[in-house]
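Residue numbering begins at 1 within each chain, and the chains themselves are lettered A, B, C and D in the order written.
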Amino acid sequence: MSPGLPFPQAAAALVEIGRDAYGRGWLPATSGNLSCRIDADSLAITVSGRHKGQLSVADIMRVDLEGRALDPQRPSAETLLHTQLYRHFPELGAVLHTHSVNATVLSRMVGEALPLNDLELLKAFQGIDTHETRVSLPVFGNDQDMVRLAGRVEAYLASTPALPGYLIAGHGLYSWGGSVEDAARHLEAFEFLFECELAMKRVSAP
Amino acid sequence: MSPGLPFPQAAAALVEIGRDAYGRGWLPATSGNLSCRIDADSLAITVSGRHKGQLSVADIMRVDLEGRALDPQRPSAETLLHTQLYRHFPELGAVLHTHSVNATVLSRMVGEALPLNDLELLKAFQGIDTHETRVSLPVFGNDQDMVRLAGRVEAYLASTPALPGYLIAGHGLYSWGGSVEDAARHLEAFEFLFECELAMKRVSAP
Amino acid sequence: MSPGLPFPQAAAALVEIGRDAYGRGWLPATSGNLSCRIDADSLAITVSGRHKGQLSVADIMRVDLEGRALDPQRPSAETLLHTQLYRHFPELGAVLHTHSVNATVLSRMVGEALPLNDLELLKAFQGIDTHETRVSLPVFGNDQDMVRLAGRVEAYLASTPALPGYLIAGHGLYSWGGSVEDAARHLEAFEFLFECELAMKRVSAP
Amino acid sequence: MSPGLPFPQAAAALVEIGRDAYGRGWLPATSGNLSCRIDADSLAITVSGRHKGQLSVADIMRVDLEGRALDPQRPSAETLLHTQLYRHFPELGAVLHTHSVNATVLSRMVGEALPLNDLELLKAFQGIDTHETRVSLPVFGNDQDMVRLAGRVEAYLASTPALPGYLIAGHGLYSWGGSVEDAARHLEAFEFLFECELAMKRVSAP
């Protein structure tokens, strides 16, 4: 059985996570998009170009798992990167695409992947139960061609990622989880780790 | 037809944007000023020297497009830099002049312009639809002589700027848009980009 | 006579300190745990894995001073590091284990101890009445084996520590005090000092 | 005629500035103290050791201009540094002594004075009407002997300071103004300038 929430609850959850993440500076200037599974065939996602700190239910629409609108509004061009994740992971409940300063900056600095290790907070991710873990978060080059970008992400997903997320260079983070709460915890953990990594780079800057 | 809001709505919009931007640290110590078009011939602007986080309608006054007071209060000396923009762009709805730490610091570091490229958030500006954009934000030397400073800005405006803003060195940012909401989004995007640029400079500092 | 609070007040105090410390970013992604003495034989502690910014009384449980659950929920694996402190210091009222970015980062940078001196805020700690103090906060290597980690902490406690706290590398801070208020003041002072130390390292990097 | 507020209004003003400045991290862990003139002979000041974010009228007491308690509570040892300012400047209305990270850190880095110039925000201080100003904020060595420290400050006051403030190394800032509002604006301006100076040092670090 797939996870999922009826549309009204899904929309309410996205409104709330939008307000919280905007307040932290992770969704500036109408950027980013947020989604939540409704059922095996559809999801709720933010309408393109809305203020993420001031979402209402009218700013959330339904799309199917191919990204086709089930409501009259226009979904974001990046909807494809959301639906790809729901198709790949039947147990997936929510996807949060955010644009923090730290994600933007780190993704331009670290090359093809951000290595993460020896940090207790890695245990916030399901399946990781010790800080003695060496994982890495991939960084894809930014691309306005969503089909091409999704193709690169597809290869990553096929490799069974250790972390529920990826970065796009100079652009932001995709993170996900089995529910909106899990995805929010993952997002919070990623942003914590990004801030740690940047803080360490600042002090050790040549 | 020019954009514009009746005075009571214009004043209410400035009170709100003042509270928000002050809360983010962009209008410290009574600095900055905010304006909104009323009609083709007049605008609402903050009275000189008021606390921007605690504005009320009594702190907003009307001036004409030459900067002459239409109400008994004294407009800021920088009103001229606002009216210049409304005269130049008939479609302009709002101008926000802010003094963030990042704008102040970056404007002293980058010489005559801040180059911006390869950042997804550039798409927050109207007319930019890809991160593969090379634009730059001009930095004018600070000057207490508003007529002389406006003269330098005039030449920039005549060059059809790619970005709705400019910096004054050691002083702050002017940003604008077709409405208060658009100007607020532009301001938020500029501040995000400033923070990214500074974060990158910190790590790569020689 | 031991300090201590009846369970309802103890739980309420932990809910409040959780909300405050989460809001400052010191308890991200369900990390950390908080405890408060009830009496000579038991304490109240957060249940494992809960959102520290949204605690309710149902997220607080009782354990004895050996860390055995006195309520049906599962205590955190780190409960042992809390009970060790209550056993060692009969006058101890509260223990706060937090995971800030600064604690995480500094604890990976400074080797076996963080030296602190010439800072007025050291006077926030009981028994320190001048900035002309040279103290140091120990940093223990991170370990998923709590018995082994507690053994190392035991040796430190036996040495009569000058500061009410210790760091675990890449993990976080343990701080304590005679009451929740004292522990909260110590936590706030430690975090202030961490931010100062990091700020000084940033400027003097190489 | 001296400025001043009846005790109830003076206390209310200090409660409010305490909450605001604590919220910004400028009064951590019960540090700092705040005062406001009542009349030519007395002032209201925070009682020693109170939580500055949770002040109530019971945490404010009256002292005379020699620092002698006019109420039963114990004034802070640093009261002497407040009364010195009220004696020296008959027009002084309020003194705010704060402990921000930036004040602490900068005061340890800059030697005997912090030079400030070419920053528009300098105009927030009375008597400065252009960024083309070269002023400096003195830094006194920290001292637990208040009489000795006050002696050094006295010499500075006698030199007619250009700025309403001074730093104590590794300790914090004293700032003042003709009213609580003026002192609060000066404090906000100083903290803005400190953040600018530190941000510039971070990027240009060796």
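Criterion: contacts are C-beta pairs under 8 Å (C-beta built on N, C-alpha and C of every residue); 3 or more make two chains touch, one makes a residue touch a chain.
Remember, it's a predicted structure, so these values are computed and weren't measured experimentally.
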{"item": "Rotation, 0 to 180 degrees and nearest 5, that superposes subunit A on copy subunit C via CA atoms", "value": "90"}
{"item": "Same-residue or different-residue interface between subunit A and subunit B, half as cut-off", "value": "different"}
{"item": "Chain centre separation (subunit A, subunit B; CA means) in Å", "value": "32"}
{"item": "Distance from the mean Cα position of subunit D to that of subunit A, given in whole angstrom", "value": "45"}
{"item": "Multi-partner residues of subunit C (each touching 2 or more other chains)", "value": "202, 205-206"}
{"item": "Topology of the chain contact graph, where touching chains are joined (line, ring, star, complete, other)", "value": "ring"}
{"item": "In contact (per the touch rule at the top): chain pairs", "value": "A-B, A-C, B-D, C-D"}
{"item": "Subunit A contact footprint on subunit B (complex, rising order)", "value": "118-121, 123-124, 129-132, 181, 185-186, 188-189, 191-192, 195-196, 199-200, 202-206"}
{"item": "Residues of subunit A touching subunit B in the complex", "value": "25, 28-31, 51, 99, 101-102, 104-105, 108-109, 142, 144, 168-172, 198, 201-202, 205-206"}
